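Take a look at the structures below.
In what comes next, chain A is part of two complexes: it sits with chain B in the first one and with chain C in the second one.
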Partner chain A sequence: MTTILQPDDTMIPGVSEPAKSRATRRVRGLSDRTIAWLFVAPTIALLLAINIFPLVWMIRLSFTSLNLSMSYLPLRFVGLDNFTDILTDEDVWFRLQTTAQFVIWSVALQVVIGYGLALLINRQFRGHSFWTTIILLPMMLSPAVVGNFWTLLLQPQIGPFNYLISMFTGVPPSSFSMTGQVSLAPWTIVLVDTWMWAPYVMLICLAGLRSIPDYIYEAAEVDRASAWRQFWSITLPMTVPFLMLAVLFRAIENFKMFDMVNLLTSGGPGSTTELVSITLKRAAFEKWRTGYSSALAIILFVTVFGAANIYVKALNKVKQR
Partner chain B sequence: MRTFNWLRSSTATTVLGTALLGIFGGGEAAAQGKQLTLCWAAWDPANALVELGKDFTKQSGIEMKYEFVPWTSYADRFLNELNSHGKLCDLIIGDSQWIGGAAENKWYVKLNDFFDKEKISMDDFVPATVVGYSQWPKNSPNYWALPAMADAVGWTYRKDWFSRPEIQSAFKAKYGRDLAPPKTYDELKQVAEFFQGREIDGKKVYGAYIFTERGSEGITMGVTNVLYNYGFSYDNPKKPYQMQSVVNSSEAAKGLEFYKELYKCCTAPGMTNAYMQEGLDAFKSGQVAMQMNWFAFFPGLYKDPNVGGDKIGFFVNPAGPNGHFTQLGGQGISVVATSDRKDDALAYIKWFAQPAVQQKWWQLGGYSALKAVVDAPDFPKSAAFAPQFLESMGIVKDFWAEPSYAQLLLDMQKRVHDYVVADKGTAQQALDLLVKDWTKVFKEQGKQVASQ
Partner chain C sequence: MTAVLTKSSAHSIVEASPRAKIVAGGLVILYAVITILPLLWIVATAFKSQSDAIAYPPKVIFEPTLEGYVNLFTVRTRQTPDFIAKLPPPETWYDKLVRQRDMVIAGPSKVVPRFVNSLIIGFGSTFLAVFLGTLAAYAFSRFRIPLADDLLFFILSTRMMPPVAVAIPIYLMYRQLNLTDTRLGMILLYTAVNVSLAVWLLKGFIDEIPREYEEAALVDGYTRLQALRKVVLPQAVTGIAATAIFCLIFSWNEYAFAVLLTSGEAQTMPPFIPFIIGEGGQDWPAVAAATTLFVIPIVLFTVLLRKHLLRGITFGAVRK
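== the complex of A and B ==
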């Protein structure tokens, strides 16, 4: 522990007695504990003001009928009505399914591609640093930039993506719309999210790969284990905790994905790519259904928190093995 | 335990205290000079308003500051500001549908006394704009805004393509009539089908551009132009809020089917989430023969070097089998109730309401709603699109302007987009679900909703 020591002014030679007694009184006035609290208090106050208080307030609002576009109406306590409305609403369940599918597919692809990239980048080759930087570029971009950039790339008439597909398949480039067709739009958001975040998974996996001691591979070489056998028996098991961590981070992030999908498809066509975060935003800040959206936010929070807790327990078990 | 003896010096405590005061105790640094902030959407007419506002500054000495937000986030941004009783805007040019909520929530200053005092009469303004932008409740003498920017949906077409002899003869050979700006939606579809995929000047072109945007209000503002003319109404005029068999009548369903057919047969690829800007881009790039859009953009299009001037023509939203209406756009200007500069804001409205200012507003590219301007004998000749604008303002209908309009609008966006773009269900099912959604919203609002 660091100790900040300052010469006590009562010890300074030549300081007069009245001055010493004044200094002593000041010392008694502000104890170490008080000063420590003085430092911590702003942080605690900020935490209470911008995290805890809104959370408590949101819980309170979730039991009310508050609609900010009609704030002149009396605020009614509606008990669990908002929660019942949400949990019995087919549309909400459909949005949750859409979100689950997006999370599962995008995270699965990111793990496979990210892990593959990590295995490649883990080898030493010419231009290694350059390619690492190139691969990492997408995750350094803002989701808003990615959304707009891909919207242009996927534009059926001028976007290069359709021309690329056309080159390989012979299908006319303007005959399909990646963001506008019900069959393609869900895959489009998975594709763009994977493009952006597979490098992130790669980074985590790379950390895992670099943490495996060389002597284990050397021992395997002595035992004449094939490269495939080394991968299955050493590399994969020893990087599983890292992979699981990547899955946790990406799953939580994708569960609350909003910006990129909103820019790419606005949840459309129809409601095909309307993730639950878009539903929440629309309910809270477009329809102004504050009570209802507070309840939905709580349900989502509990879902993510619960799932993440179960997952972390599983992760800890894997680590202990 | 750490020790912080250094902090015990009175100097350090004073410095810390001052810093904390600076962070938490700072208020407005100094009294500001006379300045008004006007909030609106970022689009062509806003630039005209900035130009116009310079005259106000010259006359009054009040500086004008502007807060313009793109249409896609205009409602989100400003409704949030109004909801939170913010002080960003002194004056706001708010969308017509906000008027109910703004009045009921007391976001706007009621202007009746001010109008009486300054002798500003609402009889001097185009009636549709008074009902659409100023009154709440509708058709009652309660005014919350001055009609500022009259607007409606209209159509542009490529006059140069329409006038080419080879195109005219091909059209006549196919449909047995002259190629001309369509007067009915059936004619419009024929013209759109005719142009769809046709090669003009070595370039493949498409029939029509229509609104399909999902996120804000786009597809609703587009589809209503067809629905009204097929027999759709928001509710039974004799029984307010009675929507069953009115919103989802078989005629309305046919109108919705027609919009989908038009979207499928005659629009450019990829127009699945397109609104004003995409329409302008499509037209300016020579991609479409006809474009649905707001009159507000027409002055800019007319000036466009590539497609403006003699190359562009304008026509009123075509009629349908059961009527002839068009979607109202536009906004009124209001004083924000939380403004600290209400008197100056009212002075701006007084200045803006003057006939000479309104005349200049029209000349600069804004759309005046003052009868003295639009009913002037030379008005139809004052711009290429003026006659169509005038006719359109006589046949406008608007979306709900209830305080719950945002919920009603988003419900319609979802149901219509689901059917038209995402091919989900039938037109009848989409409208039936819409009635269900709207009934729920009105019931939450405490309205009596009769089922028949």
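== the complex of A and C ==
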């Protein structure tokens, strides 16, 4: 603000043509402070109406026993019952475990593949730009549509996936089902998620690699540092903040994961791939337990928010080093 | 000196050796081919007949047909061969195609209205989000706003909520306001989600425009608003366009809100596509045809956005 000149203070009469109407302009032109508020207010108002008001309402509902399929019942406040119910429910803990395993494995795989790809692409071979664009395509698609068409690809008989596996391993293609088998389904959602999001990690890591100035490597060359040594002492440490940023974004997104898995396995077989978002959807929109699901939603939100905050602090520490 | 160094040391990472480049290129191309195969399979399935699509073993070579696309756009009824023989000769190529399967076209399917919903909701929410986002981003970029960092963080944090969790109170609120399953309701909701991205991205873009241009305009007697319109906006045009495409892609691809809050009237493509049913289950060629048509704009956008992609997916945290 201090660097911005006020029109009224700086206008020199006679210098420019519009200066003639300075008197009218003073009335017509709004002050910077008014403009700032006029510009920010609509966005804040919209977010208050669509995000914050419903959130506050949800907090209120989480203390009630509201069930929409029996909404004729009077609203009954039950205190912290919903929260204690959820936190003592073994099933919920099991879903959280399923979700945590999904997040850890999918993010780990994406980091390995994404970082590897970024290192390779950074060698700037001919045509790398074209092939990078191809690799980026999956992450731009609708997760729901991806989940849906992978069910075709993974069909035990008619899908090409099992057929390809059998070509390489000799296992008969109809002898296993990627989405229907308890032992395979959790890996299937990790596989499809990695197919979709490894390019995301790749893109961020690539930016990290390109941010390292050449002269550091040149200095390392002068010191006769081996390629291996250069990687561990220069490349990796300098790309860690980027890698951590990618992990943060992916972990949050996958913790919330609903669309792709809902269409790929819809939580099955049994509940082996039932991520916590799917549990929430079932409680809220199939069993209509609004009070209970509001409490669960708040627990999830606090978890994401808390974890993200701790992580960002750690990220800042890494950056400062 | 630099040139000599990079040339003399074959294993320098600064400039990879030709052999390293070939190995890297080979591996990346292999990955790219594997990663694109599922998409190519879907595009191919759209041109298969129903029996080819579910053949065992899966068919790589087949006789292409437009049946999938015809099935996507029409509702058909099965008739006896006698009945079909008595009908007047087919008027169009698709009538003919359908009759070969002992079917008669009964009318258009719901795919066009769903597609129109996707377009209206997508463009409506994008326009609103970019409009509000540009104003807010300009204010955050150029004026000292009390608690600006907190406000910006608040704007971002609304995006951390799991969509299913947000949908619960929105469902209740929309029921009260008669906004359930309406395009307006979906536009407002998507605008709220997109505006956080728009503010963060556009603030980055506007920060990069030197203040000197505006200051010069202000000295020339422009008002703030005139300076914004005639000086800042023309410079921010690429950034605004990139932001708009990101918003459009989000609305286009969104599934969780759409499936939980719409059922017919305002339903968009993502919840519709998985439920394109033929006789006995999913009509895979038609589903694949819908997927192909749905994905084409995204592919074009990806190519267009290539330069700004990194910014968009990290909320402007990483610029280049």
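As a convention for this text, the second predicted complex is superposed on the first by the 280 of 321 C-alpha atoms of A that agree within 3 Å, B and C clash if a C-alpha of one lies under 4 Å from a C-alpha of the other, contacts with A are read in each partner's own complex, and residues count from 1 in each chain.
We take it that a contact is a pair of C-beta atoms (placed from the backbone, for glycine too) under 8 Å apart; a residue touches a chain by one contact, two chains touch by 3 or more.
Owing to the predicted nature of the structure, the values given are computational and were not obtained by experimental measurement.
Contacts of A:Phe285 after superposition: both chain B and chain C are touched.
Of the two partner chains, chain C is the only one touched by A:Leu61; chain B is not.
A count of residues in chain A touched by chain B and by chain C gives the higher number to C. When both complexes are overlaid on chain A, the residue A:Phe305 reaches chain C alone and has no touch with chain B. In the superposed model, A:Thr179 lies in contact with chain B only, and not with chain C.
Look at A:Ser69: by the touch rule set out above, it reaches chain B but stays clear of chain C.
Applying the stated contact rule after C-alpha superposition, one finds that A:Gln157 touches each of chain B and chain C. In the superposition on chain A, contact of A:Phe249 is made with chain C only, not with chain B.
Once chain A of one complex is fitted onto chain A of the other, the partner contacts of A:Asp32 extend to both chain B and chain C.
After overlaying the two complexes on the shared chain, residue contacts for A:His128 are found with chain C alone; chain B is out of touch. Residues 1-6, 30, 32-33, 35-36, 42, 157, 285 of chain A lie in contact with chain B in one complex and with chain C in the other. Within the complex, the chain A residues that touch chain C are 1-7, 10-11, 15-19, 21-22, 25, 28-30, 32-33, 35-40, 42-44, 46-47, 49-55, 57-58, 61, 117, 120-121, 123-128, 131-145, 148-150, 152-153, 157-160, 163, 173, 195, 199-200, 203-204, 207, 210, 214, 217-218, 221-222, 227, 230-231, 235, 242, 245, 249, 252, 255-256, 258-259, 263, 277, 280-281, 284-285, 290, 293-294, 297-298, 300-301, 304-305, 308. Residues 1-8, 10, 20, 75-76, 79-80, 83, 101, 104-106, 213-215, 268-273, 287, 403-407, 410, 414, 417-419, 421-424, 444-446 of chain B touch chain A in their complex. The part of chain A that touches chain B in the complex is made up of residues 1-6, 8, 23, 26-27, 30, 32-33, 35-36, 42, 65, 67-73, 155-157, 174-175, 177, 179-182, 262, 265-272, 282, 285-289.
Chain C contributes residues 2, 5-6, 9, 11-14, 16, 20-22, 24-25, 27-29, 31-32, 35-36, 38-39, 41-42, 45, 53-58, 132-133, 135-136, 138-140, 142-145, 151, 154-155, 157-158, 160-173, 188-189, 191-192, 195-196, 199, 211, 214-215, 218-225, 249, 252-256, 259-260, 270-271, 273-274, 282, 284, 287-288, 291, 294-295, 298-299, 301-303, 306, 309-310, 313-314, 317-318, 320 to its touches with chain A in the complex.
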